[in-house]
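Read the structure below first, then the notes.
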Amino acid sequence: MTREVLTQQIKKLLDEVLLLGSMVEQATFNAIATLKNRDIHAARQVYDDDQTINEKRFAIENAIIITIATQQPMARDLRTLAAILEIITELERMGDYAKGIAKVTMRLGDAELPIPIREIEQMGELGLGMLHRALSAFVNEDARTASKIPAEDDAVDALYNEIYSELVNEMIADPRLIESINLLLWVVHNLERLADRVTNICERTVFITTGELMEMDTADEEENE
Amino acid sequence: MNEYTDLAGESNTNLQKRHRDSKIWRTIFYASTAAAIIILAILILSIVNQAFGLVVLKNTVEPEKISSVPLEQLSSQDLIKILKKNLTSNRYKTIDRDMPFTARSQADLVDLVIAEVVKPTVVDSYHLDVSILHRNEIMARAAEKYPNGHVEFHSWLNPEFITRSMSSTPELAGVRTAIFGSLWIILITVLVAFPTGVGAAIYLEEYAASNRINKIIQTNIDNLAGVPSIIYGILGLAIFVRGLGYFTGGGFLGSGETGGRTILSAGLTMALLILPILIINAQEAIRAVPRSLREASYGLGATKWQTIWHHVLPSALPGILTGTILAISRAIGETAPLILVGASSFINRDPSSVFSRFTALPIQIYNWTTRPQDEFRNIAAAAILVLLVLLLSLNAFAILMRNRFTRRIS
Amino acid sequence: MREQIMNHTLSTVQIKPASRVPEFLRKKKRWNEILIQGFLFFCGFVSILTTIGIVFELGKESLLFFANPDVSLLEFFTNTRWQPSIGEFGILPLATSTLLTTLIAMIVALPVGLSAAIFLSEYASSKARSVLKPILEILAGVPTVVYGYFALTFMTPVLRGIFGEQNVEIYNTLSAGLVMGIMILPLVSSMSEDALTAVPRSLREAAYGLGSTRLETAVQIVVPAALSGIIAAFIIAISRAIGETMIVAIAAGSGSNFTFNPFKAAETMTGYIARISGGDVGYDTPDYNSIFAIGLVLFLVTLGLNILSRRLSAKYREVYE
Amino acid sequence: MIDHQTQTKPPIISAEDLCIFYGNFRAVKNVDMKIVPNQITAIIGPSGCGKSTVLRSFNRMNDFIPNCHVTGKITFHGHNIYDEDVDPVQVRQKIGMVFQKPNPFPKSIFDNVAWGLKINGMKGDLSEPVEQALKQAALWDEVKDHLKKSGLSLSGGQQQRLCIARALAVKPDIILMDEPCSALDPIATLKIEDLMRELSKDYTIIIVTHNMQQAARASDYTAFFTMDSDRAGVMVEYGETSHIFTNPQDKRTEDYITGRYG
């Protein structure tokens, strides 16, 4: 097997991507927990921890640049490295979503309001499950699994719509809660975006193996945050 | 030739003239080259022409006087009787001692009677061309001029010629002593010139820094290569024969009667003569060894001599050997220096050591050529053929050697 | 492995306690290498000794020759008679016959040799070359004594047949000169061919590209470009002819003769040396010493020509290599 | 993570104010370079910048070039190899060299590797060290069944690995490689690069290459040389390869590695 150095470096980078992924998963999971427990202190922790995620992302990016500069990867190796660059950006944004959720917890403070926490948790579980499987499909270059994951986004979207209409009804019922519920809308929006970004990761996985870039879910791509 | 014919008429005629000139000169150039080949052919033919041909033989004693029936029909006993009657008793005993008469075959005895009693001698000889074209006239003239003689075809180059030693009668003379002399000289020449020449070449190519003394050595060798061979003869005469005669004559071993005119002097002189050629050839062979081979060796921590001995010399060897053999062929044919260091053509004893007096093949040729009698020209031609065959086989050997070594290396 | 090296070092080098250089780097005294280098230098130096020997012996004996009261330097170069037995020591008759044979040889060798070289380098196909060159090499490898034989037994009878037996002596400089020309021909052609082939291909192509014929290219472009090499070949050929001994010793005749008639016998310098030394000449006689004096002249002339030739050939090498 | 841990080990060999002259012409000037042990150091630069000259000065191969002389120091294990008392032959035993064109001896594969051992005084059965060297050079499996065949019968890449094995057999500390892959095809080149990586565990490697991608791929440290206005080679920049190729400090280095040189 020639090009051992490059092979080793890519393997190392993939490990790093998994590590970054699990950091994001943890952060999202923790963020939802702070909302459930209304724990402002823990929320601040999640908020601060986002910095490590960002740093990790830049470390990986730097390593990729060095690898490209020194190893001149070609074909699949090059696509993998380009995909990793894309994926770590996605992961970093997902980290930002977790940070956003923790920020909502902090902003809500002690305010009294009905939180559809069960549905939110369910949304998180669905999204994180997708992320987890998408990342392992990516690392294993498993295009078949990766191409099936985007379909699960529908369930997330359904939950989002459900929670959305529920919260809007609450707002109409009690206009004093408008501000708080507006914050909660942010939370579900973030979770919905997280699932969308998982779709991008899956697209990259297919790209590595086939060399073709294709849209898997056109649903709300153009939507702004 | 006519690729330009579509050009304008005026330049066309001009062009035709140019092409005509070109053709004429082409023929001249070609003829010059052909002339060289024709000359070589003439050279060889003219030698062959003299080495073979009809001779008129006259018997000292006519066979009819010895016996009434042809010798071939006589019995062994009768032949022995004839020998006993016609030979001196000493001669008879000598022959008997070589091999008892009783043990000889009849045919052998017939030959013996012819050689010892009938003793045919050459009284007239003809060149090959004349022999073939005017055979009948020769026959007629010989019959008229030598009524007792008879005409036969004779090859002056024959096995006896090679194995006999020098004699003052052409038909009994041979080149054995001369061949031995040449071989002894070459042996000394090679033993001295090869190591010295290769050594000098190694020194100049591998060791010599480009300083004054080494430049002088190099220039000096190049100049020596052009010095006429007779100058080397003078040098050999002055130094080896005269100056060091005590050593080259074997005087220091107590056998100094030959003075310095010995094989050793001749060999040393020849060695000096071929040394520059040998060095230049060896230098070229060494220079042709790729630098990468040397670097590989030095890179492993080899010393200079290890590099030269294990890598440079083996790679250069085919070239060095070829060059050496070419130099040797030159030495074998050289005559002038041998004349100066005292080769003598009247030697009929084979050389026994390096302190022997000597003759050599080219010396013998020279000597015979300058004799007025035709028969000596004939044996000179025969000797030339021997010399040329020797040179050709040596060159063939060089080619074989080169091929063999080249194969081993690649 | 390293231990072996170190052991070796220990056994061959005296350890200087003051030396800072660690053992594995320290200079070894390799006596065998030094001895070998000494021997090799000696081999190279043998050539110097040879030259010194030549110059010394020729010089010494020549001095003895000129020390003879019968000989004067002026006479040596102006007297037209060379008869040592009666005290006539003028090199001119020997020199003129040498020049005569050389001149005749050059008339044969130079044009024919150059033409053959042009043919081989400019016209001949590689197949023809591979046949012709070895033949020329064989011609070059024939011993000179054989050429001498050829001159006497073939060339002379032919010349006498053409010009008449009463006009051409049995020994004559024409026959010797012509055969000498044949002998030198391969040298001229191979050296000239080397010079011609050294002319870069691009030069020829440029000439062809301008529409010149093969002849015009060869004669007007290639030959001038190779001129210094060709002249070097000519000069070497002259030097070789002057030094050639056996042909003239056999075919040119013995006994000095101040003549420019190529049909007459005349002894050359080399022929004289060969004849005198062929007999048992006594040491320290005027005859013996005279061969050194003539040898010295011969040596200086040929050396001068060789040096000139090498200068010229170095010049063309410089241009194209 | 991919960054190499900072090397605090003392240099195995270093050039101090090294200048190399051909006659009066100064071909290389004022080079200061510390080579880190057990690492691969690459020397890159445009042709004529003296990189090979510098490399060859590390084991005194320049001694064979007439008129070539060196000023400054090259310190190997703390000693200047240009000292009067130092034996260049000994230096070359410790600092081996692999050349641009594979140059196996016209001998068998076995003898190619064994020769260096023999001249260094090793006697007896050499099959063991020969096998080991061939294994180290990743050539053993390919040649073990025909060790008697000529070294010249191998392919270019195999020949070069044979040359590496030959150098390894002598057990040097440092291996100098002078454009070892310039005569090889890309696959053979990559094989040699992997081999270098493997060897760097036991040896220090200095490689000259005109191929900067190779330097980037295969080396830990890179020195960039270029020609100064007086045509002398100078070292512009020297540092970790990852650094030189992503963030060179000198404009000339950047121009060269981005292909904007000249």
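Letters A, B, C and D name the chains as they come in the text, with residue numbers starting at 1 for each one.
Keep in mind that, in the parts below, contacts are C-beta pairs under 8 Å (C-beta built on N, C-alpha and C of every residue); 3 or more make two chains touch, one makes a residue touch a chain.
Being a predicted model, the structure only gives us computed values, none of them experimental.
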{"item": "Pair joined by the larger number of C-beta contacts - B-C, B-D", "value": "B-C"}
{"item": "Length of the line joining the C-alpha centres of chain B and chain C, rounded to whole Å", "value": "21"}
{"item": "Whole-Å gap between the CA centroids of chain A and chain C", "value": "95"}
{"item": "Separation of mean Cα positions, chain D and chain B [Å, integer]", "value": "57"}
{"item": "Centroid spacing, where centroids are CA-atom means, of chain A and chain B in whole angstrom", "value": "100"}
{"item": "Residue numbers of chain A (touch at least two other chains)", "value": "none"}
{"item": "Two or more partner chains touched - positions in chain B", "value": "303"}
{"item": "Numbers and ranges of chain C residues touching at least 2 other chains", "value": "none"}
{"item": "Chain contact topology (line, ring, star, complete or other)", "value": "other"}
{"item": "All pairs of touching chains, each written as two labels joined by a dash", "value": "A-D, B-C, B-D, C-D"}
{"item": "Chain B - residues contacting chain D, complex", "value": "209-210, 290, 292-303, 306, 310-311, 314-315, 409-410"}
{"item": "Complex contact set, residues of chain D against chain C", "value": "76-77, 79, 81, 83, 85-87, 89-91, 93-94, 117, 120-122, 129, 170-171"}
{"item": "Of all residues in chain C, those that touch chain D in their complex", "value": "1-2, 4-5, 8, 19-22, 24-28"}
{"item": "Touch list for chain A against partner chain D, complex", "value": "2-6, 9, 12, 16, 59, 63, 65-67, 69-72"}
{"item": "Partner chain C, residues of chain B touching it in the complex", "value": "4, 18-19, 21-22, 25-26, 28-33, 35-37, 39-40, 42-43, 46-47, 50, 195-200, 202-204, 207-208, 214, 216-217, 220-224, 226-235, 237-239, 242, 272, 275-276, 279, 303-305, 329-330, 332-336, 339-340, 342, 362, 365-366, 369-370, 377, 380-381, 384, 387-388, 391, 395"}
